[in-house]
Amino acid sequence: TTKTATQVFAPHEHVNQKPTPIKIKRIGKHEVNVEMTAQVTDIEIAKDDTYKAWTFNGEAPGPVIVVNQGDKINFTLKNMDPAIPHSMDMHAVHTAPSKNFADVMPDKTGKFSYPANNPGVFMYHCGTKPVLEHIANGMHGMIIVKPTTGYPTDSQVDREYVVIQNEWYKYNDMDDMTNGKPKYVVFSTKALKDGQLNTNGTVSALVDHPLLAKVGDKVRFYVLNVGPNEVSSFHVVGTTFDDVYMDGNPYNHLKGMQTVLLPASGGAVVEFTVTEEGSYPIVTHQFNDATKGANGVLKVTKD
Amino acid sequence: TTKTATQVFAPHEHVNQKPTPIKIKRIGKHEVNVEMTAQVTDIEIAKDDTYKAWTFNGEAPGPVIVVNQGDKINFTLKNMDPAIPHSMDMHAVHTAPSKNFADVMPDKTGKFSYPANNPGVFMYHCGTKPVLEHIANGMHGMIIVKPTTGYPTDSQVDREYVVIQNEWYKYNDMDDMTNGKPKYVVFSTKALKDGQLNTNGTVSALVDHPLLAKVGDKVRFYVLNVGPNEVSSFHVVGTTFDDVYMDGNPYNHLKGMQTVLLPASGGAVVEFTVTEEGSYPIVTHQFNDATKGANGVLKVTKD
Amino acid sequence: TTKTATQVFAPHEHVNQKPTPIKIKRIGKHEVNVEMTAQVTDIEIAKDDTYKAWTFNGEAPGPVIVVNQGDKINFTLKNMDPAIPHSMDMHAVHTAPSKNFADVMPDKTGKFSYPANNPGVFMYHCGTKPVLEHIANGMHGMIIVKPTTGYPTDSQVDREYVVIQNEWYKYNDMDDMTNGKPKYVVFSTKALKDGQLNTNGTVSALVDHPLLAKVGDKVRFYVLNVGPNEVSSFHVVGTTFDDVYMDGNPYNHLKGMQTVLLPASGGAVVEFTVTEEGSYPIVTHQFNDATKGANGVLKVTKD
């Protein structure tokens, strides 16, 4: 199933579906409806380089989902892809994959329900085979499950952002995917609130549009490495992570880390204080990956 | 010393030694005799793909060893390989490698003795040079040292399995080994009790013969990545690891991890609850390695 | 900017600057002056293989810096490179990179000041673009920030050493650097006291000149992986790490680890007891990297 960079997967040749907004609606104190689409949408993965991505809701990574620990999630997946099945595997939940992460056929809608018991910063992704291809083509994102107890540092945090690392390969090229030769490695951010920056995984997205903070702020990142193949040595230049919660669980508390090592499908809450105005680069310190695009900027201005 | 896939290492050309059972015998409250062989045995590493492996006891990975924290291990290595020396390096013990992990010549027997002070899930492997070649050709396995104090979650665990990740390269190909281009990445399980499933590191072994559990079970895996080169982003689809003990030490407790990052020669105890009947895939979430074979299934049935 | 192994970067063709000693001077209870050079110096990276390295003070890795938690560092960088700018990024400090990790032009001197608030084992490196090239060409090292509280195991430790892992690529070859194809992966040690062994990152440096201990010693390593690309599965054969402090922070305490997984730019304090005389190999258990040079020896003699 290897394609050259110019051969589009035939059934997708004239497909470029307009992004459909995610729908998240709380319907009870401990119950949330989430509705997403699987769709084929052109994504700018670098300047003048567009990828006919397999996406959730026309974004890659997909939109961030935020729920509370203990929520039941009623999940609807509408597969708008005209050609192939897709599915949804959420690392945040406890359920039988064979039942609730099942394939949804083209033009069909699947409905699933499962509890989000554990707090943290989790990956979601399409779990349809070959999974490597579906993730590498863009079907991944972050779900945050807010801990019932909160984090011990909640009251100190002044602003928070989502940062996701993912790889891009030559278009739909299973050889490069399997051999682990990414064309780009990129960062994106996803809006936690209306009006916040929301980007795709585009080279330079977070350089051209830096994240922002004020001098003295304690900044929290919900960070996730979705791979599909690389681990990430996540680092912010000019600071250390005063508080780190591995996979976003308050129990997994580390302090004073210069760099956080994220597995493929590993998350963390990292918090750090910025003490002076200026630009703070965000990188994976595996500098070949940073060279391939995995860098961004946190811009700190005076109060 | 690079060979093509069809050139067998000459002194091994007609060698295919029948697996010799490991002997483990407790001879005192804190003393155990362990007797193993180094031998050359054909191993099915994938369907219709046999590897003339360098093995412990005719298995690759070798048989699992279980001892208690504080045990003295009296270890005997019988080298049945007609051509080259082998040895045994156990990560579980404290001893001088130059003395107790020494080479045993062909047709010779070596005797060694050392204490297993630290609890955990450890790698053992042949330490004869070039170590990369001896590990990649199959000489690796797991030794569990049961903690004196137990794990705080012992009473909750309903069933437990061994899961080991290893890589296979083109037959005895030091170039591919050194360049880190595995042909397969695989999972195996080893019997903790008589009658339990015991497999080699064969592509699909744990898909064709799933691990089993009942709805509601808390399942414990003793998991180990023996490499020799790759790290593992170990993950079970449909659940999170409620309790993780890094390298199997009760002190190194993490909670609610979606994925555990194992170094080359890193172990863990991971525990999770399965809440619904169905199939739960086991993977490394470095999906190129999963694509090369590193996946299995936990099958959950009703009580 | 790719060069073959025989083409020297033109402006450096006749440059081989004699190592300039680092100057570290305490000028107050909580204030230290550190003066370093960026310079171009031939480094023996393996037997009969010399690399025209970009260095700090003519060493690669550069000299180790030790300060106390809470110190203000007044840092001077004298750029002796006739051709290109260099800079200093210290992971140990809190400051605006755009101001205090700024480029220093050829033949110029830069002065910077920042606090070292967090205790630990941190990377420093040149942060001039392309950072991958500056690190891979040799501009990296370790800064230790001693914790105010000490480590809980301080009183048990009998001797301590610095161990650093770094990669070397074909001379100034951005392709191999970017594709992550190291020619060598090496260990070095840096003198913590006058008279202690101090090596460059040379293949076999710590095999030809082993680190030393006595039977019964608890040995501490300040270990750091500077990359620029690889992670390290750091391991000492014949022992387990009884105490590990991730990134050298006393809060991040693990016990009984067989192997410590270090991100690119990750550090640790690891402590272990050697119980018998003999040779204890030091490796990254990613054995292809060990095969490329990342091994050393701890030699243990009778009291």
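Chains: A, B and C, in written order; residue numbering restarts at 1 for each.
The working rule: a residue touches a chain if its C-beta (ideal position, glycine included) is under 8 Å from a C-beta of that chain, and two chains touch if they have at least 3 such contacts.
Since we're looking at a predicted model, the values are computed, not measured.
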Contact graph of the chains (line, ring, star, complete, other): complete
Rotation angle superposing chain A onto its copy chain C by C-alpha atoms, nearest 5 degrees: 120
Distance between chain centroids, defined by C-alpha means - chain B, chain C (Å): 33
Where chain A touches two or more other chains, by residue: 231, 261
Chain A partner contacts - residues on chain C that touch it in the complex: 89, 91-101, 117-120, 122-123, 127, 130-132, 135-136, 177-180, 227-231, 246-247, 249, 251-252, 261-267
Complex interface listing, chain B residues touching chain A: 181, 231, 233, 235, 237-240, 242, 254-261, 273-281, 284-292, 300
